[in-house]
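Just below sit the structures, each encoded as structure tokens.
First subunit A sits with subunit B, and in the next complex the same chain sits with subunit C.
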Partner chain A sequence: MRNALTLLIALAAVTFVVLAGCKDQGNEAGSGGVTEDSVKLGLFVSTTGAIADFGLATKNGADIAVSEINAAGGINGKQVELVFYDIASKPEEAKSAATKLATQDKVLVGMGAVASSLSLTAAPTFQTNGVPMVSPSSTFPPVTEKGDLIFRICFTDEFAGAALAQFAFEDLGKRKAAIIMNQDDPYSTGLANYFKARFEQLGGKVETTEKFANNTSDFNTQVDNVKSATPDIVFAPVYYNDITLIGQQLRGKGVTVPILGSDGWESPTLLKNAAKDLEGCYFGNHYSQNDPDEMVQGFIKTYADKHGDKPSSLAALGYDVVYFVKNAVDKAGTFDRAKVAGAMRNTKDLKGVTGTYTIDNKRNASKPITMLKITGGKVEMVRQIMPEEVK
Partner chain B sequence: MRRSLATLLVALAICAGMNLFLAQFIEEYVVQVINMVGVSIILAVSLNVINGLTGQFSLGHAGFMAIGAYVSAFFTTDLSYFNPDTAEYVTDPALVSSVWGYLGALIAGGVAAAVAGVLVGIPTLRLKGDYLAIATLGFGEIVRILITNFEKVGGANGLSGVPQFQIVLSGEGKDALALDGTFFIFSFVIICVLLSAQLQRSTFGRALIAVRENELAAEVMGIPTVRMKIFAFVYGAFFAGIAGGLFAHLLQTVTPASFTFMKSVEVVVMLVLGGLGSMTGAIVGAIVLTVLPEALRDVEQEADLPGIRMVVYSLVLILLMIFRPQGIFGQRELSLRLLRRLVPGRRISGDETPKPSEDRKGTEL
Partner chain C sequence: MFLLEVTSEQIFQQALNGVSKGAVYALIAVGYTMVYGVLQLINFAHGEVYMLGAYFAYYPAKWAGYIPDEGGEKPKVPLYFIGVCILFSMAACAAIGMLIERLAYRPLRNASRLAALITAIGVSLLLQNGSQIMFGSDPKYFPRFMDRESVQLGMFDVSNTQVTIMVVAAVAMIGLHLFVQKTKPGMAMRAVSFDMRTARLMGVNVDGTIALTFAIGSIMASIGGVLIAMDQPRLTPLMGLLMGLKAFVAAVLGGIGSIPGAALGGLILGIAESVVGTWSTTYADAVAFVILILVLLVKPSGLLGKTGREKV
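Up next is the complex of A and B:
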């Protein structure tokens, strides 16, 4: 009995020694991450685990923005030091990385995460420590409700789902929809929910909602049910690997109506694997690689020179998030966190690779969604749906 | 009995002291990691009773943990879920909001997991070895998929805004002297470790080991093997449920994605690393495998190679298994007596082991 107790104490002591680090009592009030000639910005995304691709793209985009900014003289005269932590697609890692960034590295701003569930885990830590957090790509609405220091620079599922429904109903004139979604994925279920609500509010009807689980490769059941519902459009808010198979199997069973998708479709391999099956289909994205805009093309060129392929939306958002922080510091004219957060809240018509955006009163980015069409083996931009169009 | 109670009280006091010390002098990040270590210790020690002591290879620990996490968070959290009719998120206020409510919710989570342990244990514990592993793995996945489809607890999004509780001793606001997560977590660590240590040394524990060593022989000796196995399963499930509840309130979010079978595998790896069957091993395994990925963060940051952390982590595991396949401790335990043997010439006066007569008197009361 006493042995076990002593053992425990000994182990606790060992843990202390291993982790020994003394609390810095002199917590400089307000301004964060600033040394004589540099300012620290935190980045936490998953570069390992289930969604590593997205995290890597985000980091690559952010790295480009940081080197551009540093080459041009930094933020407010200070060079940017990017403190990056991998959070391995795990909430416990998101929490510890957030704590490390906010309390040990004392970064000015934390940028991340991609997955909404990980952003939700990190947000309270940043909020209680008074460090602003900006998610580049978490689209789940409640993320920014965690506090007045939590921001995002992408649109929400609420907006995207409604915009896509409106696009299907008004632009394409469709009335009978079928939904295929991944029930394990909050992104997929979120979009499906908002799409359905808006589509039916407009007067359309969702005939059936077909669910599948992660790592499904046989979609026969779902495809059969979609077929018997005879929809005039199929909404599939899923990732590119799933839509490749879904497209193939839908066409194989003779369902020829257009499929409408979301930014999860975007991938260099989409056209390689599914150009034929997805001909005439649409998806909504954060930006178009064909956008003739100088800033967009400039970013695409820099990225392609460095990494060999064109940047995905995640990379573009990773690039934009750094400039969002820079813009706020420039506006605030100081590294005081509260003032920087204030400037973030007042961000208006900031131009980024992913469109021009304004931060609304819920600290979400109000920005357009870019509708793309797959036609003739290419992805072409149809139009941008502006936030004021979707009510 | 009185002796155990006194030990427990001393232990709780140490927890409280440790909590205050950490909050006062140690960086929040380090405290966060220490708290995660605590949760891992409960998971590993409780799984050790099933996998190590009783020799039943279970891969369902994440499932029990998920049940505990969701049940406890269900009581303490404002539930926000999607109403498809109005396309809006509806919020139900939390059922409990006091520290006692929190403790109740944790226990409820443990009990729910234990009940699940009985329900799963009865049919599956007839299976042996690989078959049992697969059946329990299936159980874990079933739990996760059920939760994913349960809109009330957030579906695939999970629950966020899980509160953190604290016992305020004095003061207010941020400067208050208070017992928080560390106290709760390590109190349960101590309860779990002390109980498991007692169990291991009791007749009951010996019976569990007998089941592991040779089920047929144990049966012949009059040990009700099936009941023993179910007991171990329920015991492990209860503490996994408690660990799940603590985990949920530490991270303030619960998502089904936290409880994939990879989580179960992680706990099994802790056991194997420390030495399957050794409680000390389980504790050391839990500490190493929780601290290692965090300690490697700085390496990754310096090297600027995203992902290198996991490569190093895996390498450490591979090397350890090559050079020490029985785990760090094998089936040995670290105890004071062992330490005394290691330090020659030093003698501690007084008998460390309780006299048998004394113990027996205790149990009769």
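Up next is the complex of A and C:
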């Protein structure tokens, strides 16, 4: 009898808890992350692992934007609370961070990730839970195809690949290219394909496409194949930690033609480790530290005062993504997630540190790419290529 | 790319790359082979010893201030200092190798071989993840000891670091061969691998000899680690994983238990990978494992291995 009573009490308790849980969810339907005086925004990037530089910079940039916004009264009168997860460059961590942000922390918007492969893993979770996700810097085109709540505030690889090909062909007058790419990374293979398509359409020729796997550090085979193709430019759409070794091994085998790279090259450790080997090389990026614009220089100063070094473009995008969310909430005038997403879709001519951008009908940012050159151990701006220049 | 587009010069050039790649496989493979020779144990933690070898050469350079914290071109490190780094790395790796043997394998000396094998995998995971905590999982960049330059070798070019790898690896392998064949501890090693119980009855210090085997295998792996770090200066805590597997394949290919076999297996594997890379770099890594499968099917004892009956 006594056992039965205990059981009954336990059952009642469980039922109560479950019901309470349901009620709680019902209350929050639609609007997200809002408490009495604050609004929660999620940030998930890798601050450890193979491309930790990217995540750390993004987080630093976002932190600055959040403290500026809070100092100026917050978003819609509510202080911003940043909920942060390190996803350690691992897909399973990205997935679990997305689940935690969407279902436990119940943030208004999830911001991340940097690496496209990680954004692709996280996006479906946000989409099914009705939480908008904005990637600051995932450039792989399919990321935003995961659903109508997935956005990005950077250009896509499709645009960057074509713009870089045009830069190689028209600005540098190159005709014979060799490509070295990471076959395991959609970012790298995507850029390589878009570059090749545009370069050959313009009348150039890609002599060879050399592939390598994740964690390769011996590039001698690829380098010798590039060398026997005698290109006048090498296109290497890879991350900074790979270009350091590739540059060194290309130069070590006497391949002296310029190397053209993508935004993956951007990192404070690039010049530290590879300035000599990459002298005279070019890469396309999201912004330039030499841009005289007041907003850009203001951000650079705040960042340098706080962290001691100048912000990379990943930091700039981390800063911009928070303001992108703020702009959408301000326009929507509410914390209702669907309405905020609607305002995001209609973002037009929003000025950020990384240029003025408009969200197009595929939820991608249409914005310029900044061409940079490595000379004398420094990075200098060559010019900006506008979206309308690239067909 | 088709067969016709590749010239024989390109293939020889790639074969030369393969020799420098294979030389390092060989250095690591002897560690597998020697331990297998005395204990019939596949020491899966050996790839991690190679990784530690690279890190243990990095830290002396860092402590001596040759790796600036941020900004600027790295200072060139005086050449003699590489000697300091190598010696430190060799000593530290020998200690680690003996420690692994003492703590993980010796207590299991009389347990089933499967238990020891699982322990080896456990030690490997422990070292991989422990290093991620200790060193951090972001890559470290090894200092520049020499400027990388192209060296003309007949009609082929190799970089000076590749030449260094080939020379140092050859010297180390010959040294190891002489040690095992001509010295008393070497003779003890051979005796233990021939028959541990009889060797003990003959007054050989079996435990000491096994510890020595681990120390020497680890020293060879640390030399491999330093050479790779000079050629490809990016260190990560997981760099030993694939390297260890490939060196293991090299050891099986050459005949596990045979030191000349490990050298031969390493070279064949390195050359095969690089030459296949002339056509497709995509499949170069797969070559190692295709070779492993073929060897196991056709000649399970390996090229220079002995087909003895299984000891019971």
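Just so we're on the same page, the second predicted complex is superposed on the first by the 361 of 391 C-alpha atoms of A that agree within 3 Å, B and C clash if a C-alpha of one lies under 4 Å from a C-alpha of the other, contacts with A are read in each partner's own complex, and residues count from 1 in each chain.
Basically, a residue touches a chain if its C-beta (ideal position, glycine included) is under 8 Å from a C-beta of that chain, and two chains touch if they have at least 3 such contacts.
All of these numbers come straight from a predicted model, not from anything done at the bench.
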Problem set entry | First (subunit B), second (subunit C), both or neither touched by A:N273 | second
For this session: Report for A:Q249: first if it touches subunit B alone, second if subunit C alone, otherwise both or neither.
Result: second
Exercise. So, does A:Q222 touch the first partner subunit B, the second partner subunit C, both, or neither?
Worked result: second
Exercise. Once the shared chain is lined up, is A:V83 touching subunit B (first), subunit C (second), both, or neither of them?
Worked result: first
For this session: Once the structures are superposed on A, label A:Q127 by its partner contacts, choosing first (subunit B), second (subunit C), both or neither.
Result: neither
Exercise. Thinking of the overlay built on chain A, is A:D309 touched by subunit B (first), by subunit C (second), by both, or by neither?
Worked result: second
Exercise. Just subunit B (first), just subunit C (second), both, or neither: which does A:A197 touch?
Worked result: first
For this session: Have a look at where A:T48 lands relative to subunit B and subunit C in the superposition and call it first, second, both or neither.
Result: both
Problem set entry | Which superposed partner A:A213 touches (first subunit B, second subunit C, both, neither) | both
Problem set entry | Touched subunit A residues, subunit B compared with subunit C | B
Seminar exercise, completed: Interface residues of subunit A shared by subunit B and subunit C, listed 48, 50, 52, 88-89, 183, 213
Seminar exercise, completed: The answer for subunit B against subunit A in the complex is residues 3-4, 7, 10-11, 14, 18, 24-30, 32-34, 36-37, 80, 82, 84, 86-87, 89, 145, 148-149, 155-158, 160-161, 189-190, 193-194, 197-198, 247, 250-253, 255-258, 280, 283-284, 287, 291, 293-294, 297, 300-301, 304, 306-307, 309-310, 334-337, 352, 354
Problem set entry | Parts of subunit C lying in touch with subunit A, wherever the complex brings them together | 1, 7, 9-10, 13-14, 17, 20-21, 68, 70-74, 136-139, 141, 148-150, 157, 159-162, 228, 231-234, 236, 238-239, 242, 273-274, 277-278, 280-282, 284-285
For this session: Report the residues of subunit A in contact with subunit C in the complex, numbered from low to high.
Result: 48-50, 52-53, 88-89, 183, 208, 210-213, 215, 217-222, 224-225, 228, 241, 244-245, 248-249, 251-254, 268-269, 271-273, 275-276, 309, 377
Problem set entry | Partner subunit B, residues of subunit A touching it in the complex | 1-9, 11-12, 14-16, 18-19, 21-24, 47-48, 50, 52, 55-56, 59, 83-86, 88-93, 95-97, 99-100, 102-104, 116-117, 120-121, 124, 129, 140-142, 146, 183-186, 188-190, 193-194, 196-198, 201, 213
